[in-house]
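Presented sequentially are two complexes of chain A, the first with chain B as partner and the second with chain C.
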Partner chain A sequence: MTDTDDTASERGGSASTGRSRACDGATTSAEGESGIGADVENLLGHADGSDDTLRARIALQMERKRPPRLVLPRPRPKRDRHARTRVAFLRYSYYDIVFKFFVEHVLDADYLPLPEPTKRTVELGSRNSSDSVCAPFKHILGDYLEALELGADVLVQFAGPCRLGYYGELQESILRDMGYEFEMLNFATVTGKPLTEYIEVCKKKVNPNLSVPHGVRGMLIAFQMIEYLDEAQDFYLAHAGFEAERGSFDRALAAYHADMRTVVNEYDLMDAHKRGMAALRALEVRVPVRPLRVGVVGEYFTAADPRSNLGLERKLLDMGVEVHRMLNMTNRNLRYHEKNLRAGISDYVRYDMGPTSSMTIAATLKYAQEGFDGVVHLKSSGCTPEVDCIPVLQQVSHDTGMPILYLSYDSQTSDTGLDTRLEAFYDMLAMKKERTAS
Partner chain B sequence: MGLLKQNDYADVRSVGIPRALLYHRYGTLWEAFFRELGREVVLSRETDRALVDEGSALSVDECCLASKAYLGHAASLVGACDALFVPSMGNLGRHLGFCTKFQALPDLVENTLRDRNVRVASCLVDVTEEHAPMREAFLDLASRFGASPREAKRAWKTASHTQERADRAAAGAQERLLASLGSLQGSERPLAILLVAHPYLAHDSYLGGSVTDPLERMGATVLYADEADRERALKASFDFSTTMPWVVNRELIGAIMLLHEHIDGIVLVSAFPCGPDSMTDDAIMRCIQGKPILNLTIDAQSGTAGLETRIESFVDILRYQKKGGYVHDRH
Partner chain C sequence: MTDAYLGIDIGSISTKGVVVDADRTIVARSYLWTEGNPADAARRVVADLASQIDRDVVRVRAVGTTGSARRLVGAMLGAAVVKNEITAHAVGTTYLHPDVRTILEIGGQDSKIICVEGGIAVDYAMNTLCAAGTGAFLSSQAHRLGVEVEEFGPIALTSKRPANIAARCTVFAESDLVHKIQVGYAREDIIAGLCRAVASNYLNNVGKGKKITAPVVFQGGVSKNVGVVRAFEDMLGMDVLVDPDGHLMGAFGVALLAAEASAGAGRGTAPAGDGDGGEGDGEPFRDGAFDFDAVGDFAFKTREIECSKCANHCEIICVYRDDALIDSWGNRCDQGAVKAGL
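Up next, the complex of A and B:
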């Protein structure tokens, strides 16, 4: 679903909770989905797809089978001191390249690569998540389930100042209740603490023998790698819409990514980047006189991760559009300066409104001031901070005359629905541009 | 920034406070604070259908019911006061945050009501990023209202003490209620039901009344999770979860843990679609065992009829349970 107006209709559809039996009010109509975690005797959420799904559910677990605790303490499984740990990350755009480097050269462990996500990934994630939780939670839970099936020992989760800060612990709790055995390297447990705590938790969860000097050097390379990857992506977004030979940019970018995956030190990194950028720059493009320029803004996962936004950027490029996106790990994580970013948008906001809000608003204003034809705002459905940005963006759009398309994604969002809206938006921008030209 | 904003609220004679969201947690403090500063306080009226409808029309559809109601309250105050008081509440410390909605609220109100020329007086409470705890935020706010440092301190002291007294009184009344319940035996003792909901639902007669009214009509005694001893509840919540980011959700979960032995059942109420509750409701339903839990979601569209039937069935289950009946579906 891609329309902000459609939220109500989503509520019935995705309600089946596979790990629990369902009961609505006093009628104990059990839905026979035992499957995973059959011993969970809670009676939760009705799954008949009616509008009442979210309105009432009941838990009748009278026997106390567990203490009131999200993640139960357990004896640490004895691990072979010499065995290497297999570490898996969540999927996030092309940053798996950095995650791999981080695991191998900072944590000094084995990286477990995940295959391309499929429909099953999000189905797995949705089925085992609470219905109304945001879409990235479901995607990531699906990633973790696949990683565990593939033999991961450790799962890694980040932290953030919204619901993201709670992802790790809740996902760990859900996966443990499903019966999985693993370690969770959850950086939310150490946010705001000194670096030594980060190192301690990595040692404890992954590799007690990791070398700090080696790790610091690796970390610096990983940061540089993020900047390079984002630089290449920026170039790709700005030019691939005009490629003379269809697919040439995708091929060059894929080759560059493959090259980056083999990097083991800073020298390799520099060489791989130079080679990749040269290859991208050498590609022939046919840029129209006045190409349409569109900015992509929004929530951290949905705006930057192609599988979360159904390949929105490629769709725009295929329409022959020049695409820009300020939101990436370089700008949001490495070079981020909340206050200075906000100073530039002080006509609209006074306070930090949420994790990516200032960047969303600042980027939109920048694109408007630079004469972009339009902006697409992306978020997972119900993402509170990005929902709260919308009235601000509406003001920016009102003041500058730049149209903004608002897209809200959940696990039900369809490709065709998205195409229709994007095409309509493109047509509007193209018509507007034509009018101003004559 | 300090230089820029000195005295900029000095001309504000009457302060409007929307009777919604965190008003139900800090309202006593806010009102006392502005009265101490010699300002007139204008409260919006109690929530009603018209306010919710007005707020819904002003809101992005995906906003939660409670925030829609808030915008209705805010809009109703435009023109009725010199400025609206809308603080930005980030957090009270690490893992003691508020929903990002409360952080964004001043900017949300200003941008939504910009064409009505709304004026918003605000302050920032953010301990982790800005080292700005509540006291400092309010002292700063007082000086912007033109108060001297001495007047500012006095206003804060009076206001915060008034709030503390009110909180203690509510907690004390609930303690006594619990004690009196404990002294009753068998069929004499009414059902004790713990209402677990954000204060802006639990204590809003329009939004939360659709839950508390039927419970009381059926003779159950309603205990409020947000009126338990907050400090102890907060402490207990860290045994439940180490990284839960939200202070109010923490207090609610902590209260469940503290009161679990004394209650017959739990009614867990959320506004649709609540971000924090979308995660904590799942956690509570799955991990807190031993007492029946009814989880209700309230939204703007649906009436209260459906809720009432569900609450009645739930109370029936609890009565049956209390008599020693067995309703658990064993299959």
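Up next, the complex of A and C:
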């Protein structure tokens, strides 16, 4: 073959390879050898500007710039050259347990655990965000930056019915501008589309070998896990305020979470949950005759995520309060029924006002009707849907006589200011309760 | 011998102190500028109060502190009660005015509204992210206009046509104010406009959504400004009561709480046989009574240390009396707990 190439006119040899490339590189060298004469004849014989001629000329010019490849590209399926990816989620309360399970058993990839968030996390996030964007954006961006520093390949962002739906795109763009290389699994890009699209995007971004049947089974366990975790949290919130030994509930809950992190199948899950709940129930509590009961309502991140609300729930529990919070992933994501929820608050609301608005109002009304002493409403500063809820809540408070404390958080909010307001709220509720008792 | 209780309210701008006797009557009152040094301000207030009472007859049994420096000064004075200013104000005002329904309060850097029903607070709100329209704003504008802030009220009352000043944001209000000065508005109209701006800003922010029912009591430093009082009366269409001791209400409230705590099994109630004074106990008490002189003798120092036990690097505030650690706070977890004697 080298002979032919050498002896044949330089132009001819080049033309054949050039053309074979133009034809998707499927031509073998043998073909080229036998067809050279005719090809050259065909191509160069009629300088009539036909397509073939033109292509050949272009090919010739290309050859001069870039020599022909010695090894032709061989199609190889993506799954054979796929390396396992390290997937990182944003931080959201204790749900990292579920995220870990989802990554390992649904996506079949490596989960990158993030350490506890620190001041640095939010500083990183704030520095690279617009100042006026809501606090969850800053927290999440901080999480992503820390995840990338720890070597994440894929970042996961949720979809959201408020601005959150656009955050994934914006965060991706900010991180790329900063020079990071990663894949973004942004569920907002497939919101409202059929399941096949979800599977497709997971395959594309994380793992092309993803097994659908295995994934479905994993998904069902993950859903069950969310419900169990929320059940344990509800129990903790209702009882930890009266713990006989300080810190006993925190320890038991942490042990339960650690147990849940090791779960690999539905049997483990059930056992871990049973063990954890039994441990929590076994703890000694000293409940006063008429304990103060406070409901926590508000925006998805700020109401449920301790680092976003500066540990508000623990602060309330430390004051000896029974805490209830309807907003969690079970109630907002798995069992959410917007229309039915709204039907219960039809005296106040006719339309869906935003991602957590119906739940905020429905929960507040429920707590008021159940005779709770007060409600704390949490939102990140500038969260429009929750700002819209406030007049409605004021009306509920006015109609039922239940006080509501409104708190707005941003990345600068101080612990001291929060303590002052919570303490005053507690004093007010406690004095009111004492007075009504006598 | 009569029992008495001391209440101190250490705010951002001013420090207030009262001594109440066993009948809950104020027997000594003090009001000074904090001047950025709460420990020293508290010491000065204590000295001022000491000069007003006959210390051989009046024995202070317990101390309460409130205001933004309550924790620091509480540690200094061995307070039996350290209470937030909202509760202290509510307790003080409802004691003096049992029929009050709404308490408006504007201080140096904060403003709050407390709704009262049947003598107990049922709802409250406090400014959160912004300090627009508080005393600090009025002070800085008085400085700009070359008028003492104390003269603001009387000057505002002489205005016939208050200027309309945008009140939403302090910075924009200031731009608006400068603009009106530059185009030649009368000084009293501008001052009256500022007073109105403070009142309308308050009602639109802190007071938003709260039902303001008469009788209304207005207190805090800004309540001393009759121009703002008049603006509130005009806007609410009801009388606004200003107590002559309105600026002391936080201190009074916390003194009442200290008295209550002392009547219970609280601290500060005559530690029996403690003849050596409170030093062993770490408190400025002698024979179960607050020792006014002891406070001046100790040197108080506050140091901030950055905890390095985890990545959060909490700033831990440590208060020392004569180089002995008496209190610390600011740690998020037990790892960072700094204890006396370490």
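As a convention for this text, the second predicted complex is superposed on the first by the 357 of 438 C-alpha atoms of A that agree within 3 Å, B and C clash if a C-alpha of one lies under 4 Å from a C-alpha of the other, contacts with A are read in each partner's own complex, and residues count from 1 in each chain.
Everything that follows uses one rule, which is that a contact is a pair of C-beta atoms (placed from the backbone, for glycine too) under 8 Å apart; a residue touches a chain by one contact, two chains touch by 3 or more.
Predicted, not measured: the structure shown is a model, and the values here were computed from it.
Legend: residue contacts after superposition of the two complexes on their common chain; A:Ile390 is shown touching both chain B and chain C. When the two complexes are overlaid on their common chain A, residue A:Cys134 makes contact with chain B while staying clear of chain C. Once chain A of one complex is fitted onto chain A of the other, the partner contacts of A:Arg163 are limited to chain B, with no touch recorded for chain C.
Of the two partner chains placed by the overlay, only chain C lies in contact with A:Lys119; chain B stays clear of it.
Using the contact criterion defined above for the overlaid structures, shared-chain residue A:Glu63 touches chain B, although it does not reach chain C. By the touch criterion stated above, A:Lys432 is placed in contact with chain C alone, chain B being left untouched. By the touch criterion defined above, A:Ser408 lies against chain B and chain C together after alignment on the C-alpha atoms of chain A. When the two complexes are overlaid on their common chain A, residue A:Ala254 makes contact with neither chain B nor chain C.
Using the contact criterion defined above for the overlaid structures, shared-chain residue A:Val216 touches neither chain B nor chain C, since it reaches no partner. For chain A, the partner touching the most residues, choosing from chain B and chain C, is B.
Shared interface residues of chain A, touching chain B in one complex and chain C in the other, are 381, 390-391, 394, 408. Chain B contributes residues 60-64, 88, 90, 94, 97, 99-101, 103-104, 106-108, 110-112, 114, 122, 124, 126, 128-129, 239-245, 256-257, 260, 272-276, 278-279, 281-283, 285-299, 301-302, 306-307, 309-310, 313-314, 316-317, 321, 327-329, 331 to its touches with chain A in the complex.
Across the complex, chain C is touched by residues 115-116, 118-120, 311, 381, 390-391, 394, 397-398, 401, 403-404, 406-408, 410, 413, 416-417, 419-421, 423-425, 427-428, 431-432, 435 of chain A.
Note for the complex: chain C touches chain A at residues 68, 83-87, 90, 118-126, 128-129, 209, 211, 310-313, 332. Within the complex formed with chain B, the chain A residues making contact are 4-5, 7-8, 21, 23, 25-28, 30, 40-44, 51-52, 54-66, 68-71, 129-130, 132-134, 137, 159, 161-163, 165-166, 168-170, 173-174, 177, 186, 188-189, 191-192, 338, 348-355, 357, 381-382, 384-385, 387-388, 390-392, 394-395, 408.
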